[in-house]
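Okay, handing you the structure first.
In order of appearance the chains are A, B, C and D, and numbering begins at 1 in each one.
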């Protein structure tokens, strides 16, 4: 009997992770959900028959343990976490800037490195990074988020150039706009529907290697850019 | 009985147009194929039950006639044509540079304007432009193609900003690499499979308006970038 | 006695050309001013001891005659002309779109090709293109200008890659904002001072070949971007 | 008697810092040189009558002390440090990736924040970041450098948007290519002459606020890009 493919989603909490988990589970993937707080997504884990793993994405030990605990090489790994603080540059706390870099970019490196090690022997797999418009445009009063998301994009682009020829598909999704949720409902499609974003992630996963995208931007029809 | 959706594909000849026509026809779209030479794609027209229209995309009259002849507003319009000439800048013929701008960019404007006029009343529809890596990177000894494809991208980006809030989805596909065909077979996925490119076009068409992409790049896993 | 260096400025009318002519003349350059209407810049020609040449930059014959009439190979050639029309895409006149491509981009090719032919034997010279923010960002209701300025940037980038190794310095200046003039005075530095823009052109001309820029953006301190 | 303007150069060691120090000193600036190892640039400090300050740019305390020790608000602050390690992604040490982010990007934030605090009251000053082509293109086998330099560019762009309207000029210099030095001589202009790079820094410093650049790329004429 064939083993189900395995998807690992790091950073769970907003609607996107849930949509991804459900859509991948519906395709027959086994799901591993990793986040600092596993309690809050227990219903999602139950609904998708997912394994929950407590993991601080910026912790080298936690990330190593997460991947060491997998029963097989993952087919899909998604990195979502970020830390954001806003304010005038002169008022920012250095600790917050460091944390933005750690959570948004360094953790992405830790996860991607572990994923790549497991994927390389079979020369297949997809690693997806959830970016933001802040990764291509540095907004005022938002230096830490710009630093973290630019660094994440640099990581993704470097990895795409390095690992595509090794058969590992790397993609960076520029999510430009707010994501619709129960707490932020939206009846006019003015916010990103997480189901729609997830559909673009799945399209990236489905692309055959003769026609890979390393980046895609998604934004609501009414969003200024 | 519901009317079938209508797709208009301008510029037929390479494998991409054929793949698009087949995939859209398989979804139940009526297809209109427009090109300067209708004879050479008669088999494709037959296979997809498409209407063939002779059309020089850089001719205002031809493009107006093409859209005037449609039985309904199109749901999807794809613009493919380009003209390419290579060589040292000092040796280029001005007429070839003018032609590159006319076919690659001005014709795209003509087609997109007609398409937008028909799509705007219903506030829906998708207009897709086939771009190239030459539209984001100006290569040496290839000034005319750079000029045409950069201009095409400028048109697409301007239209996306203008027409997305009016409900018309605009997207520009950066095709980076050679496309596989009967004359250029490829057994290692080192060239773009036109079926795979077409699948990305269909994904763009499928995106709901809460999560639109205005651009996507596709390239083979082994392509340097 | 050493011959004075020669600068050719194509497209005269706004403050930038005048500032460039004065600053280059002050350095001892001979100046040639080329434009469709030579009468309106007679005072500038007198002040800079410039030769005036009537020239439609989009006319192959006019541009050929302009360069055939030079007494020596030019050291500096600047291309300024553009044609701009704004409005909803569906209301644009195709003739205006064609004109935008011809004046903004095709003319730039004609001028740059002639300049390159004269500069290549000595493997030296600088060709400068006056771009706009519209060349890097396609604004809504401004498709023709986007098309023209994107194409101009594609030309410049292709030429930079091709001709830098041949000793010809190519640069594209992204002018982002309105230019101050007698008709548009500005006491708060909120508009670009043409003397300041010209100073950046001169810096590009001065760069030794070990450290060339192919592009620079200039905008007022208060300009949003 | 007027006080001399003050320039602070953080990260000293390669030819660029020395050229900057000499060119700024020649203009009458007082110079402060800050680096982890002050001994190795004692001759430069003597030649430019500079004050030397031992400073680990990634240390919050060191950077705070550096700026607290200044006798006046600085007119120019330059940030040079970076940490680079190359190799296959799967073989990188997490500590090296963290260090690349700390030295290349976090230190830049620390320095820029202190500089901005001192510059804002007078609404004037220039902060310059030394970037690299790795900040706009993520190269394979070089993820840490890409992450650091992308983050640096995000910081610079965010600061430019935030602080330009407050009168502080922010600029990011993309240095694309190797820098010529005594240990790496070059007789064909195939490497960047640090004197030429420094001249572009001085041009940025000289720009009046009506025409500011937030970024400039410099590369040798023969460099592929």
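Quick note on the criterion: a residue touches a chain if its C-beta (ideal position, glycine included) is under 8 Å from a C-beta of that chain, and two chains touch if they have at least 3 such contacts.
As the structure is a prediction and not an experimental result, all values here were calculated from the model.
A rotation of 180° superposes the C-alpha trace of chain B on that of chain C, rounded to the nearest 5.
By the residue-number overlap criterion, the interface of chain A with chain B counts as same, with over half of its numbers used by both chains. Chain geometry summary: the mean Cα position of chain C and that of chain D are 31 Å apart. A straight line joining the Cα centres of chain A and chain C is 45 Å long. Chain contacts: chain C has residues 161 touching two or more partner chains. Chain contacts here close into one cycle, and each chain has exactly two touching partners.
Residues 161, 164-165, 167, 169, 180, 186, 189-193, 196-197, 199-200, 203, 206-225 of chain A touch chain B in their complex. Put simply, chain A touches chain D in their complex at residues 60, 88-90, 92, 94, 97-98, 101, 105-106, 109-110, 112-113, 116-117, 120, 134-135, 137-144, 146-163.
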